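All chains are identified by letter, namely A, B, C, D, E and F, in their written order; residue positions are counted from 1 within each chain.
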């Protein structure tokens, strides 16, 4: 009994000393701020900030002085929180998030097909075959590379052969925009409801020949816009109607006037602000990775 | 002294520590996603387990038995192992940065690896001598590494497999382990 | 350094208290455990050789080379001061490891009184059946003088024992254990 | 004159495809197993038919049910479930209770294959998983060997060697033809060789695995035979005994669960051979073919990883 | 969080074995019979309860930097006590659980609860937490062992089940059976959760 | 006559019976020719004529900058009526010079037979080859003069002429060898001279015994030239595989044939070289096989560059019915075109037309790891592994597994029983790897 007390006590003491010494000598300085920031980032690791995943970005903020509002997925509140952790202030980011918009309405039946494609369903692969399966060289191929690329599962392929973007779920990370070989996806503020659904810069006649719903550069929209927000920009043979989102008031006059119905107005979405990062994390996370690290 | 080859074959193949004794399941399922990290973890466990087998044997023979406090085995061993892992980490860090790089991340995970404590206790339960204890510890660690690396190889392949959603992750790993365990049954009686 | 000492001291106290507690509990349970083990052993002996008045462990005398081979213990059962039976503990190697078993002989009848498998690591449902009564009964009252032989069908000869279905290796091991004990018995007690 | 306004098809090359297809290959495997099946029916009569039918029907039904449940395309028409059922049946004794055989087929298909995502994704040979599962679960029911034709209870040649209990070893001719006790499909080496030749002729199996396998078994047992003073009859006995022929030609050559690299396939064959001999000579089971292949299945991903072939023009692929 | 919730979370939502995937080794090793499962679960609960109580009481005294070793000492002590008590009063169970009793020490759940809950909460919540987690783990063990015992031995708590007892699937009480049973149960739970998520 | 072959590869059905017995027919010279400004590997040429300008047959109408380029020439005499972007058989849109044929067939006046072809120096030969716009006519369209130019530290020891023609349906080289054997040998001699080597090998697959016989006769008595009969196997005609078959040498990864002392040219290129040197003719005409079940009467044509596929098809009696696809080149490596108004270019060895059939649609299945693709890959790659890496978008891993070494022969896809479009996945990987490497280089 005496031995038990003594030997255990000694062992405890020795163990304590070793641990204390080890803790002192070999403490790895982990900046607690990195962890704190990582916690409030969405954790979807989409890479839109330009760093390898959320933890990479958190590290870059603390150690590399990276900007605090680079995460396109998070709203200003997150940026503010990061700033708070870092003890700095951050420029007010627009409170509206961006969402991806498809600048093409050339669905099956409307855009003329050039050939029948058989092969792997990948827009980048079909791009090698005469610039895609449609006569229009600017439009959406409809093979769903964006659908596969979306880290938030916000894009689905519609029955008309064009991708459908769930604007509630879209975080505006921009992965699909980067992946689309036709550059027919764009980011726009979620409150922007009017869009020109065409990217064809060919002359009106050629564009019309390729697709029923093409911008024919008639400039009717330009003439009718009360705000001067929509303009056909570019040189002859390489022009297209473009909306200035700063000026546009979503009045919808251009939508009515457009002869080819290529300008469209969307329904507004419920939530304009950024999505809750916890919610995103819950969607994006795949559960416990069982790396064992948590047991440390 | 018992036949060393029997100890080795028994520990590695017949009574594989993971597949038939169920020790070290957590790291077996946790660190088997990639072959490279499985090899790292295996090395780290081998390292620590062999040392732990040695030291706990000494503790048992020269401290617990003489003082007649064998009943303190569990608590003494866990303290020894925890300190050992810390100590090993310190030494490796100081003496061999390369080794530290390879094993470093895995070392802290080993403290709570039940394989280490389990094998140490089994060594004593089986009344192994010093050499047998060391051999048994080492062989068990090899068995652990073998199972871990095999599992990692399979899981890398399963990454391409179109596994039903509800089975993804842990369930299919467990079923794979079950089938591995069935395969390893072929070794029973092999001594 | 002060820190280190302080922490060391704290752990020392915690561990000390733990040691105290454990020591106390041990002092309570140790005798119970000991008594139980003793009882287990005796009841085991009783099962294989019931008529003994006193059983003495005489392994030192009968196993001069220590527990070499598979015979681990030789216990002699005395009746009125003279040896009446012998209870062997043998550990033959089975399918999954050693099978620990008792084999008892009666000196007068030169027969096996009973065998009992104390522990085994055989396959559940197969070899592990060697611990069951139906199998150990097959050894009862076999003569100690002839070598026991394992057979697969119903035994025809006196010295034959039928194996457990689909567990030949285990059965063989048990028979080997009995035969080894038998040899020792024949050469030392008859 | 753009061909009457009809849209042409544009596809990346190649525009030619061989007639190879999974169902065609599977059909050939079934054809190759027919001699073994006929032999089993000859030797074990109606019970062989019953076991085979039970296994195949259960396998096909389970495959359909599992794919329906998982809401996947039902692919029983690729015959792979039929093969699994057939192969499993050929590894069972004629006396096996039919419900045991059915459970084996169900386990083979569901646990061995469908849980992993179906054909192509399984790690282990499904039929062997089924057999190993049965052997572990109902060891008595799955090892009730009988002599051919008259059906008297006895031991397999390997069992006779292993347990060295009485009975005499059959002669090599009987073993080659199949006039011995054993599983339905493993008794007749002749029938299996016929099927194997067909598969090799059809190029469905690679020579490397069976050659590596059989050569390894032969070489080691030849050495052992020499030390035992039994000469050549010992290794030949081992070649014809047990499930070696069935395993080497029909199980170890399973596409899905074996390495894809050429070197890897040699290693796989040799590994199977080593483990088989190890289990046969030293292990607890009389026969080691089933376990040796399963064990090498676990090793296959690593073999693939470390036996990358040299690239044309030098350079070694990275793992 | 109210006490009932503290108690009940361990049973379903944060079930140590099925949700947190902790304590897998004993759940695979000793679940060959329901009796073992119950015994292990009780031993586990006892240790968890005792250590949670002590840690919770001492939570203000233990220095931050050596809390882990302190927890380990506390846990190891209770494990040893449990071991000794079982050896003395339930020798059969002690035999069949074998090495997995001392290994409760390295069961991550206990250290985890001490670290994550008891060291931050008062006595009563800690007790509820320990009881909930202990019960959850015990239930999980019983589930796994019930599957294995019924299929593999044809009995439930040693009582023969007609129809299964004659030809049980032995493999289920062999090592592979542990993996299969746990894997399938987890898959089923996943499936149920997905169904639930879909219907929501 | 030795026999050698490479490892890997597949056996293809030939589909050559239709045309291999048919002599070369001169194709109708169309009213308009469409001459793409890009008919070689490298940057496209710029036009050096203007719309409205009269051009002569053989006149240079486009030239490029730099070393790796080949000029293009008018294939008829007439008037340039347009320079416009048109579809190209290579699967893209390319600027073309459209010439309206004046039917006068007037040669550019500088073009006349050379009196002293034997006395030319290697430099002069290369100059003539360059000026004649000769490119690899097997389909690769690599400018020939570049191949024949010396590289520091490398010495050509063997010139291998590719008479393998392993693509199914295509018989143009076969006919060429039968009908212009002397020219093939003569061209080979000029090439040997230009690269300063004394050994020449003509590799021909043994499914063309008549060609082997004719070529052997033509080569007999010519020192240093040997005809090799090679077993029939695809892709024997691939440069690296051909070199291995004929010389046993392996072109190192990422290396050129010259690294092992070999220069390879197609037999068609050889004829073009001979014609350029002896007669001064630029490359404006080539032999082409029109074949497939979609055309009424398959044929081997001698056709002017710039002739539309539709012109040839019309000459052959049109389509047999509704057609599925038109392949520019052979079915293994050729590219499908979406219209038949695509011009013949210097590298067009054949046009194959498939009739629409009610065929069962083969669905892609999971890989069953049968390893036929691995066994069939002549580059010893693991197509199935590359496919999986491409599906997972692990481009760096794919590069480490030598995705860039793929020669896109299509053997893997041909043999795959699971009908996985392996080559397409590998091509995707190559596409991404090249993009990544380019981005890295730009950084």
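As a convention for this text, contacts are C-beta pairs under 8 Å (C-beta built on N, C-alpha and C of every residue); 3 or more make two chains touch, one makes a residue touch a chain.
Quick caveat, the model's predicted, so the values are computed rather than measured.
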Query: What is the chain whose Cα centre is as far as it gets from that of subunit B?
result: F
Most contacted chain pair (by C-beta pair count): D-F
Task: Report back the single chain whose CA centre is most distant from the CA centre of subunit A.
output: C
Message: Centroid of subunit A to centroid of subunit F, CA atoms only: how many Å?
response: 44
Message: Between subunit D and subunit F, what distance separates the C-alpha centroids? Give it in angstrom.
response: 46
Rounded Å distance between subunit B and subunit C, as computed from the means of their C-alpha atoms: 31
Query: Using the average of all C-alpha atoms in each chain as its centre, how far is it in Å between subunit D and subunit E?
result: 41
- prompt: Do you know which subunit A residues sit against two or more other chains?
  reply: 4, 7-8, 11-12, 14-16, 19-20, 114-115, 119, 125, 128-130, 290, 295
Statement: Residues of subunit B that touch at least two other chains are 26, 29, 69, 71-72, 75, 79, 82, 112, 160-162, 167, 170, 172, 175, 178-179, 182, 185, 188-189, 191
Junction residues of subunit D, two or more chains touched: 7-12, 111, 115, 117-118, 120-121, 133, 136, 139, 284
- request: State the interface residues of subunit D toward subunit F in the complex, per the touch definition above.
  value: 1-4, 6-18, 20-22, 24-25, 75, 78, 117-121, 206, 255-262, 265, 308-315, 317-318
Task: Over in the complex, which subunit B residues touch subunit D? Could you list them?
output: 35, 149-150, 153-154, 156-158, 160-164, 167, 172, 175-176, 178-180, 182-191
- prompt: How about subunit D: which of its residues touch subunit B in the complex?
  reply: 70, 111-112, 115-118, 120-121, 123-124, 129, 132-133, 136, 275, 278-279, 282-285, 288, 290-292, 294-295, 297-302, 305, 319
- prompt: Contact residues on subunit B for subunit A in the complex?
  reply: 26-27, 29-31, 33, 63, 67-69, 72, 75-76, 79-80, 82-83, 86-87, 89-90, 93, 108-109, 112, 169-170
- prompt: What residues of subunit C sit close enough to touch subunit A in their complex?
  reply: 3-5, 7-16, 18-20, 22-24, 26-27
